[in-house]
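See the structures that follow.
Both complexes shown next keep chain A, but they swap its partner, so chain B is in the first and chain C is in the second.
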Partner chain A sequence: MSTQTKKGRALNSSYQAGNILKEYWEDAARHQAEGRPIAWVSGNVPIELFWSMGVFPVYPENYSAIIASIQRAQEFCEEAEQRGFSNDLCSYSRVNLGIILGKGIKDPGLPFGGIPRPDMLITTRIPCLIQVKWWEAVREFFKVPLFVVDATMIDLPVKEHQRQHYLGQIRELIPIMESKLGVRFQEDKFLEALKLSDEAAGLWLDLLDTRAAVPSPVGSREMCGNVFPLVAMLGSSRPIAFFKQLLEEARECVKAGKGAVENEKIRLGWDNIPMWYNLKFFSDVEDQNIIFTYETYLKYVWGGRMDLSDPWTAFANKHLDVWLNYSIDQRVRTLLSDIPKFKLDGFVFHENHSCKRFAMGQKDAAVAIQEKLGVPSLFIHSDMADPRAFSEGQSRVKMEAFIELLQAKKK
Partner chain B sequence: MWWTEDIWLNKKNAGGEERLMFYAGIDAGSNATKTVVFGDEGILASHIIKTGLGGEEQALRCLADTCAKAGISREQVVCVYGTGYGREYLKFPQSHRSELMCHGVGVHWLLPEVRTIIDIGGQDSKGIRLDDRGEVENFNMNDKCAAGTGRFLETMAHALQISLEDIGNYALLASKPVRVSSTCTVFAESEVISHVAKGENREEILLGICQSIVDRVSGIVRSIGVKPPVAMTGGVALNRAVVKLMGDRLGCPILLPPDPQITGALGAALMARRHVTAGQDL
Partner chain C sequence: MIQAELNEILSDPLESTRQLSREGRRVIGYCDNYVPEEFIHAMGMVPVRLMGSAEHITLADSHLPIFAGQLSRSIFDQGLRGKLGHLAGVVLSNSSDAIRTLFDLWERHIPGQWVGLVDVPAVLQGETNRRVFGSAMLRFIEQLEKFGGHSLDPAELRRSIAVYNENRRLLKKAASLLGSRKLNADTYLDAVLSGFLMPKERHNGLLLQLLENAGTGQAGPDLLPLHISGPLLVDRSFLPLLEQCGATMTSEDLGTGSRYFWDEVSETGDPVAQVIDRYWNKVPESYKTPMEPRWLHFSARLGTGNAKGAIFVVERYSDEDQYDYPIFRDRLQQRGIPSLQLDAEFVLESEQARTRVQTFVEIVKGRVS
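Moving on, here comes the complex of A and B:
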């Protein structure tokens, strides 16, 4: 079995991810400069709709993750906290509010020249409830319209009344966008956006499936860097070429038995949003012949296939079928089916202080996978963006002990 | 030492000294550095010193003192394993392992029937569950707060101007605890001082302090599923009140190794021995 070198990306195409991100934020600024509308949106909004209507969807959540990855989240969290926002609020929101209420969204010290000003705010209750309050605070500042897409939590399969409730929200949203932003909904463009979204999602999911191979062609650190187009660009053509290249490379690696880590010995799964300021947590583990090769965050939060013979039904199903919108039972069932498929030896649950809806049910899942599959778990209590929540020494000891436990189990 | 002296003396008297090989484990904890030197059949000596600023020099000094106690030279120690908070900064051990594994191995050697270990050290509190081979099958530890650790007790001892060793003995004289509810060690110190100012009974305050440790740590231990027999290790296991209250809370007696502070170092020494004798890097 041949192996990758330890340093650098396992898949060469992954090096494009940084450029795609840069282009996205530059495009957003250009879009605004040309007088076209910008909507600030959040995870799991009906993104295909925006791209099809010529509304540029700007993701402050992503921007907060970028700020965290360049080790600047703490200063903005503190800025927001000094203005009365509790540190129990989501750190993405604190970073964003810290930027807005501090030196502002156009501070030249910010990455990509800052965040374009919103013409409208659109969010959804699907992944998060704090998001609604966050957008309300942002609305106070920018005085722009806010729309909240409501949705029910689900067990699969999605029920008709859940779909109808969701689609009812979309039917309300469209005319409001048209009147507030001066854009027009055209069904043919929307269907084209759905087609692009479905194609990109298919490629992404196939890419994730290649990682069930032993050895795995690519680990979590790299894949967390590759997910951005799936978050923010579904419905545009940009993700397709990128994911195609990643998939081709990953398939070649699998065919050649080429692993992302040397002499892969232990395979791990990860639950919840990664620690963006500390992706090194993944790579440190990879240096020990261990790979994180499965993430609920990458598989069930962004993107999903759609049966376009019935596009509106498929569209509703896709947006409701999201990990954060699953009941605990549905989450457990999903893990019980995926862990054997990905041949995982252990599972790491990130008890993310900021995303309690993601962390909900983790203990139930840990008990179930131990009892039914004999797969042990580790809990790391930390945060996706606020580095103050991470205890370096304690987390290191826990991870080291967990690896020792898994190694002993394998002997 | 208590359980190996006879074996050691017998070996010596039989002229077997030359053939003996020695192994050492160093537990570089946040508060204390502990060393155990192990011979072919048991512990020869152990030693505990304050970690202070820690580092290689302090660990080497601790090892040298332990060798001196054992009556052997440092060169006769063929393999050293490190553990504890500062293990990664030690360059001289052949390898190092996590405290969780070392406590598991150490306790299993001393008390093979134990299935759950509660280790409360200077800044960590851990629950460790062992299987019947002494392998760690589950664990949990405090993530980011020093409440429920030895440091908490140290702070309270300082606030009450009492020695750390006396906390448990005085606490057991009380019939009911004064509640110490602050999670934060610093706030708990203020709370304790205000109890003193209000004229609360000192023994009852001390019992409240010990109860507060048990409240925190029992949550960690219960999260892994307590399987008796249960043992306690770490410096806080020397506090009789905490041990008693923990037993009451978990509803089972708490076993104590002869010297609960050295089980991590002992586990490391046992792994050093396994490294040499079985050629196996555990």
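Moving on, here comes the complex of A and C:
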């Protein structure tokens, strides 16, 4: 999502990411101009449902990340804070509320001409409870219907009662969308959307798997820029062609032994949402023959595979099986399995002030991977969108010391 | 006399609950208004609220980030330091992401102590959530029965419901006396808080005595009536501070106040189902949606106390309450009622808080006169 480019992409197809993002926001505006419904949604909502019903899912979270990447988050955070929203609150929400309560969502100075007005608000507790509170604040302004899909945290495999909880709410949501938004649910279209979603997710996960190769074909900075279609477009055909091209290229790189970083020496993993205003953090590391080649945020937050022989069960499983909804034990088990697979030498935990659910349990995970795998970790204290929480000098010093430790360990 | 007893109980909350353990009671610590105490009580145990503390955190910071908040960090710190070792068990919930994490951490790091989980939905509407809410409560009963080694007896549960309902009625009576200024605010707060630390039967006795004597220590009529809101208010120095600034609390909708005790359980029909109904329908906390019933309770309480302004005491990192504050503030503004938010980390007594309260009281008095 960053617009900053320091050096070329490892995969040529990655250059399409910016266009896809632009098209998405332009399509949203066009959809509204044509009188069709817009829902403001959040991460981990039942996205396939919206695409299949002709409801355009607009992601203010993504918009906040864009604002952060163009170095404008602070002004909107401050706007929200002046209106009484604490600076301890999620920075995505502060950016969004700052836009709404400041010059408004149609301010011509905003990227892509602003954010289309919502006809409905749909969110879920799957990533966090905060999202629900954010949407309540947004509803206070727009006075449109709000639906929240609830879920309790899971240990895999997902339990039947959790699945039924999820699906029961989806069955309630559908007629509400039909009556409030004037759309119609058609199961065949929904099942088609699930197929498209699963195909895209399969390609994405295969792409991530290519990064287990040594050297890794593509690093975190580039992949963070490529993830958007997985967040917002699952259930439409758009992500498939893009991910297919990325995967083909990555496989060619692996076959040719071509890495994203020359002379790759150290491999790292990353936990939590990146600092969108400072994706350079990743590329600065790459300059030192080090690559970030694994991210919990890219692997376990957005797209899961579905066994479509039982589509509704698969749909529920996929949406509940999300890192942010995992217990600490589940997170630890997952890392203990993935770190050897991706041959990681070290792990960086972003103790993200704004994504508390993500940050809970990180310290236990760090201890577990050190004790069980001998893999050391580093904590960076910062924020995903608010640059005021990031201390450049302190983080650089910590990172340098960590790299020295890993280099010494490798010798 | 009663005040002295309340003082003693509240001067060292953990010691008060330790005393119960020494008396041979099975004491269960909990920390959320959605933990159905009636079930615990009917199983022959004594539920007491984990209030956390303002003490310096030592061990918990190895497991939780600072932004998990003082409540969860301090409770876990107490657990890790063995200060809660006298408890037979602990019941946690998903009231916030931090408290839900505490459940995982408790299981991982304090394995010798039983920990239960009340995992009810955050969304309090819709048929599915209603059904799931009930199932989650039934699963909690199963946990309790397994831990207690016997089944929940419906007759015992009816008795527990009666005890808890009486407690709620007495506390509501105290709240009405607070509104009519026949009960001092600090005595009222002590009366409410002490109930979290002792068996409800004993608390009912204390409340009866307190209410009989009410009216003798009236608040001065010149004090500005204010409404106090927030998830928890355990700093007993705050209300005296308020009084020194020329105001008093005449109503509240605190999580450790009326939101805790306002709703009763119906005493007819299936007692398990009625307890579940009560928790589903109770005044919702800030971490539940929709918020409208909470706003209605807030407005009604504020009106009863004839409050001229509202102070929101919001714990730092209590995100749910921090999102609500600007909304409630704006709604109050539309009704011409000013408000103030005070950030707390358990402790409110500070020069900064005093100055802010003083200024606020002067502004409100200026508007009233």
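Please note the rule applied: the second predicted complex is superposed on the first by the 405 of 411 C-alpha atoms of A that agree within 3 Å, B and C clash if a C-alpha of one lies under 4 Å from a C-alpha of the other, contacts with A are read in each partner's own complex, and residues count from 1 in each chain.
Here is the rule we go by: a contact is a pair of C-beta atoms (placed from the backbone, for glycine too) under 8 Å apart; a residue touches a chain by one contact, two chains touch by 3 or more.
Predicted model, so just to flag it, every value in this text is computed and none were measured.
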Check the residue A:376 against both partner chains and state whether it touches chain B (first), chain C (second), both, or neither.
first
Is A:169 contacted by the first partner chain B, the second partner chain C, both or neither?
second
For A:356, select first, second, both or neither according to whether it touches chain B, chain C, the two together, or no partner.
second
If you stack the two complexes on chain A, which partner ends up touching A:389: first (chain B), second (chain C), both, or neither?
first
Which partner, chain B or chain C, is in contact with more residues of chain A?
C
Touching A:397, do we find chain B (first), chain C (second), both, or neither?
first
Is A:137 touching the first partner chain B, the second partner chain C, both, or neither of them?
second
Kindly classify A:150 by the partners it touches after superposition: chain B alone (first), chain C alone (second), both, or neither?
second
Please name which positions on chain A make contact with chain C in the complex.
83-86, 88-90, 93, 125, 128-130, 132-134, 136-137, 140, 146, 148, 150, 152-153, 161, 164-165, 168-169, 171-172, 327-329, 351, 353, 356-357, 359-364
Chain A partner contacts - residues on chain B that touch it in the complex:
85, 97-101, 124, 135-144
What residues of chain A sit close enough to touch chain B in their complex?
376, 379-381, 389, 391, 393-395, 397-398, 400-401, 404-405, 408-409
Quick one: which bits of chain C touch chain A in the complex? Just the residue numbers, please.
62-65, 67-68, 94, 96-98, 100-101, 104-105, 108, 119, 121-123, 126-129, 131-132, 135-136, 286-287, 289-291, 316-317, 319-320, 322-327, 329-330, 341, 343
